[in-house]
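Structures are listed in the sections that come next.
Each of the next two complexes has chain A plus one more chain, namely chain B in the first and chain C in the second.
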Partner chain A sequence: MPLSTQSQGDDEQYVLVANLDNARNLSNILKAITFKDHAIFTATTNGLKVTVEDSKCLQANAFIQAEIFQEFTIREDLVAFQINLTVLLDCLNIFGGTTTPGVSTALRMCYKGYGYPLTLFLEEGGVVTVCKINTQEPEEPIDFEFCSTNVTNKVILQSESLKEAFSELDMTSEVLQITMSPSQPYFRLSTFGNAGNAHYDYSKDSDMMELFKCTETQTNRYKMSLLKPSTKALALSCKVSVRTDNRGFLSLQYLVRNDDGQICFVEYYCCPDEEVEEN
Partner chain B sequence: MKFRGKIIDIACLNHFTRVVTTISKLTKMCVLRLTPDNLFFVLSGKVANGGVSMWCELSQANFFDEYQMEGVSSEDNEICLEVTPENLSRALKTVQNAKAVKVKLTKKHCPCLTIAAELPTLSSVSRVVTHDVPVDVIPRRLWHEFKEPSMPDFDVSIYLPPLKTMKNIVDRMKNLSNFLVIEANLNGEMNLKIETDLVSVTTHFRDLGNPPWGDDASQDGGPSQSRDPESMVEARVDIRRLQQFLVGQQVNPSKAMCNIVHQSVLHLILLHEDMSLQYFIPAVA
Partner chain C sequence: MHCIVTGGNVKVLAKAVHSLSRIGDELYVEPQEDGLALRSVNSSRSAYACFLFAPLFFSRYSITSGDNFRCKMAIKSVQSVFRSLTTLEKTVEKCHIDLDKQKDRLTFTLHCKHGLLKTHNLSFQDSESLQAVFDKDSYANVFRAQPRLLVDTVVHFPPSLDEVTMSVSDERMWVRNHVEDEPEASKAMLTELCLASDEFDHFAAQAHNSVTFCLKELRGLLVFAESTGLPVSMYLDEPGSPVVLSVTDSVLEGNFVLATLSDDPSLRKNSSKGAHTAAPPPPDDFMNDDMDSYLIAMDTSIAPGPSNTGPPPPSLSGDTRSKRPAAVSHKARILIEEAEEEETDDLDRLPNKKFRSLFFGSVLPPSSQLSTQPMTSQEVLASDSEEEN
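Now for the complex of A and B:
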């Protein structure tokens, strides 16, 4: 049954209905934050935010604005639930991950409210799959209290340049050290692994550097295991902004273009590694 | 016991290799039955393979230019061999561009199916390649285990959706559940369903069509129970068995269908130009 002929009566029981002609516009961006099984979905009239956290030190958020959807109807100010993200991705990709060009999976996502499963209607080539995924009570996402007024250093880079560095990162290093400074080395990524110490430097005058605003020299270390998943977001993005605040908290923001060229954002927040000796 | 066959046509060699490769994806070991007219690859349903059984039938004339066999005796004019199809497949793959391929039953240090071929080389001298694939001769007293399965008294017979589509869906469902319910009716509708504590997923196929052998397959000519075309029959199967069947299919068959005996067995039938394949997956509670 074509998704568009769902009776209007059905819709009234749902607090959230979201339609996409191309399910990949949701599934691809969710892949950028799938490093844990569970995610918190928060929907407002602005759109959808999906949050994944790790050991209270890392938080990843994917934002899909209401405009990305062909239809986005929400009957409450805020709709939130927790759901198994791996299961959700398997369902969104039920017809197979890679599809022939011109063929896409249409999605209709419906939620009746607290205690109800998330219902997905997926259609491709006349075949319809209905998925009902159980939801749980949403946990409150951590507020990292990261605000622009406390940002000490900020750079915006074209993702191309960072992709190579991240793919080569020495994974035997327990930490990734980020140095940002108004003077040399400007922006440096460092690792300390079995093979020795490695540094990746990005000059403020580099073509890849779109914005460079560093007010003080800061060196912070972050657990490699926490930041590794951000590589997926980096791979999908065309630009990334790196910011640190006066506490050494890290904010990575990725600009991602979907299949239709529309823009979505993914951000990662990370706490600095506590066992750092101040140089 | 004697067997020797020769394949000259490159398309026949190609098809034969593909058939053997398909079989190798379905089972590690099986029985090869050779009769004057046919070759059969047989797997009898045992607990060890989850009760799954298979019957693949090839007409020798479709593949071999020369085919001579002498069975165990004149009344039992056939040969039964236990073989690892992957070994056969690997051997056949290496001789794909030969002018002729000979297959012979031989006795080396043990009974073998010997694949021999002359391969062209850049020089005038051809290269001869021989593969000895070990086989086990199955004694006559065990032949009854490898007879052609009878058509089950099915409740619904229906054409399958495109195998690639089915495979994609079953692959994903396998991530979510160990068991899958396949249900179908006489209205050409089929559903694949999985259900666990976390999630339930149902895929609906429509307008598949039902093969014209009537809605009652009972051989005894009893009164045909007119089944309500909308009512579904189902079989709950181990999803890995269904996935294994789908993974093995390299070529689109001319006809693909399945028969379902309600809560008992899923009988899959693939008909290709030159071979037929039947696969039985028992239903689980």
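Now for the complex of A and C:
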């Protein structure tokens, strides 16, 4: 493969080298979290984590495990940098992002370390492009302190039905209210818009409901503007888990299958809106 | 009021709402003894549409009789309940419509597959009665065609086109775009189609009339008719008299009433040749029009008393009314302010202003005659200023 032979000798200088036969396996999942320009890349031996945050209230993470890559070499315990995600996506799609079967863009991503740009070698049909994107000092991602021991309510739904609800959400509502309860209405999404209010209720016995574990009735409101970007992740996913903890923090985890059928995860954490009303 | 719509009828109801949205911004809801009436009117009052769903359309239809309840709400809100027609078809099993008078809310509950329940609580406002008075059965020309024929006809006209002129003779119907006040006829593009009577399911042209009306509002009905496969009946009378288009089946009736331009002799044509210089229509002379049978009645009182009660519940055949001056006089309340404004119209006004004047202006005799005018079919009562919508 032209890409690997090219930089064989240079490999020593890179702290991170990641190869993908199909760049879409990275770009598609990154699209699910592109609601801000900048992202924090964190790489460990487990793989790559890309984090995007908004107003200290919302955090989205995309996980691409090392196994997804054809080659994933890391010479330090942790490699982290901040980069312009929009520019990165433009580069990954530099060949126009055609979906002709059998034709894909190959990617080799290399990083020399602190202060160096991220180098992308992209190849399609014998044409090679080299992109160097400047990196910045990585900010510390917010720790939402969301741990499974504090989870009060959890459901896992098939994305199909949730997609329908999200596409119909009344966008004139400032908040999205999520009610989870061991009794009726079990799992409810509510909006309060100009026309009136709307409720989407999922029964715990629904065949779309794969898991239903609710210990107490909780109603929390989240800013619609913060949750709207999660629809992109929902669109890519086949399953989603919705969890709230005792503080009302929301965790949405999306199971995404890439072009080759491999599983990646995207998760969103969101703080509840300040005025919480118990219904 | 509590009613339940099941199966495919949910989509029909949704389509009716969407087609009413092409007329006006508000949906008037009135549960009646003979069914649920959904109506809309445009801002210039030159287009009106009503869908009446018989009790049999519903799997359950129960109203508080003698209630005379009616309300209106933003049509966009109702459209958001029925946003995606394909999703409706695939997933909605039934739709409950409930009225909560205490909270001024109309609740639409969609029971969908996979145990999903969608509840929409929409707030409404009390509204005046909205009912057009027209007697399509008395019209000279009646046609009925499959919606495909009309859809194929209007597709030739650009979406931006405002008006079309429909002319009929014994065997033919011509449809062409209406060109008015064009400074240079050579710059205007004229499109004309000719339809033969055998393309229609029913073609009865007793009077060779030529009427001009707004095409845009018609399209809403055509979309509904085409998707439900119901034939469209058209009722044409003289210019100035509104054109009525309706779709009917055993459980629903939809009527679209569109105003037409008043008589202009230059528009009558006997030949199928196009390209004539369109002379500007004569100045509106409201007293000349014969307005008996088609006044749009706006009852401006919010809480109608017995004397102001809306017309007797319409029969299933629609909002037809016989030509009885007495009945008309109850309902002919026209805004003087609006009509006076129209009298000073110059001919360069937008066409829809002209349409409005047809509904209101001609019913208004000069103010000096108001007090002395005997009670005729052209009864006008000066009303207090209406809170517009």
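Just so it is clear, the second predicted complex is superposed on the first by the 274 of 279 C-alpha atoms of A that agree within 3 Å, B and C clash if a C-alpha of one lies under 4 Å from a C-alpha of the other, contacts with A are read in each partner's own complex, and residues count from 1 in each chain.
Keep in mind that, in the parts below, contacts are C-beta pairs under 8 Å (C-beta built on N, C-alpha and C of every residue); 3 or more make two chains touch, one makes a residue touch a chain.
Keep in mind it's a predicted model, so treat the numbers as computed, not measured.
Novice: When the two structures are superposed on chain A, do chain B and chain C clash or fit side by side?
Specialist: Once both complexes are aligned on chain A, chain B and chain C fit side by side.
Novice: Could you tell me if A:Gly126 is touching chain B, chain C, both of them or neither one (first, second, both, neither)?
Specialist: The answer is first: A:Gly126 touches chain B but not chain C.
Novice: Please indicate which partner A:Ile263 is in contact with in the superposed arrangement: first for chain B, second for chain C, both, or neither.
Specialist: In the superposition, A:Ile263 contacts neither chain B nor chain C.
Novice: In the superposed arrangement, which partner chain does A:Ile142 touch: chain B (first), chain C (second), both, or neither?
Specialist: In the superposition, A:Ile142 touches no partner, neither chain B nor chain C.
Novice: When the two structures are overlaid on chain A, which partner does A:Ser167 contact: first (chain B), second (chain C), both, or neither?
Specialist: Second partner only, chain C.
Novice: Using the touch definition from the top, say if A:Gly96 reaches chain B (first), chain C (second), both or neither.
Specialist: first
Novice: Rounded to the nearest Å, state the minimum C-alpha distance from chain B to chain C in the superposed three-chain model.
Specialist: When the complexes share the chain A frame, the smallest chain B-chain C C-alpha distance is 9 Å.
Novice: Quick one: which bits of chain B touch chain A in the complex? Just the residue numbers, please.
Specialist: Those residues of chain B that touch chain A are 161, 165, 168-169, 171-173, 175-176, 197-206.
Novice: Show which residues of chain C lie in contact with chain A when the two form their complex.
Specialist: These residues of chain C touch chain A: 73-74, 76-77, 80, 83-84, 87, 91, 105, 114-123.
Novice: Under the stated contact criterion, what part of chain A meets chain B in this complex?
Specialist: Residues 84, 86-87, 90-91, 93-96, 117, 125-134 of chain A touch chain B in their complex.
Novice: What residues of chain A sit close enough to touch chain C in their complex?
Specialist: Result: residues 161, 164-165, 167-168, 170, 185, 194-203, 205-209 of chain A touch chain C.
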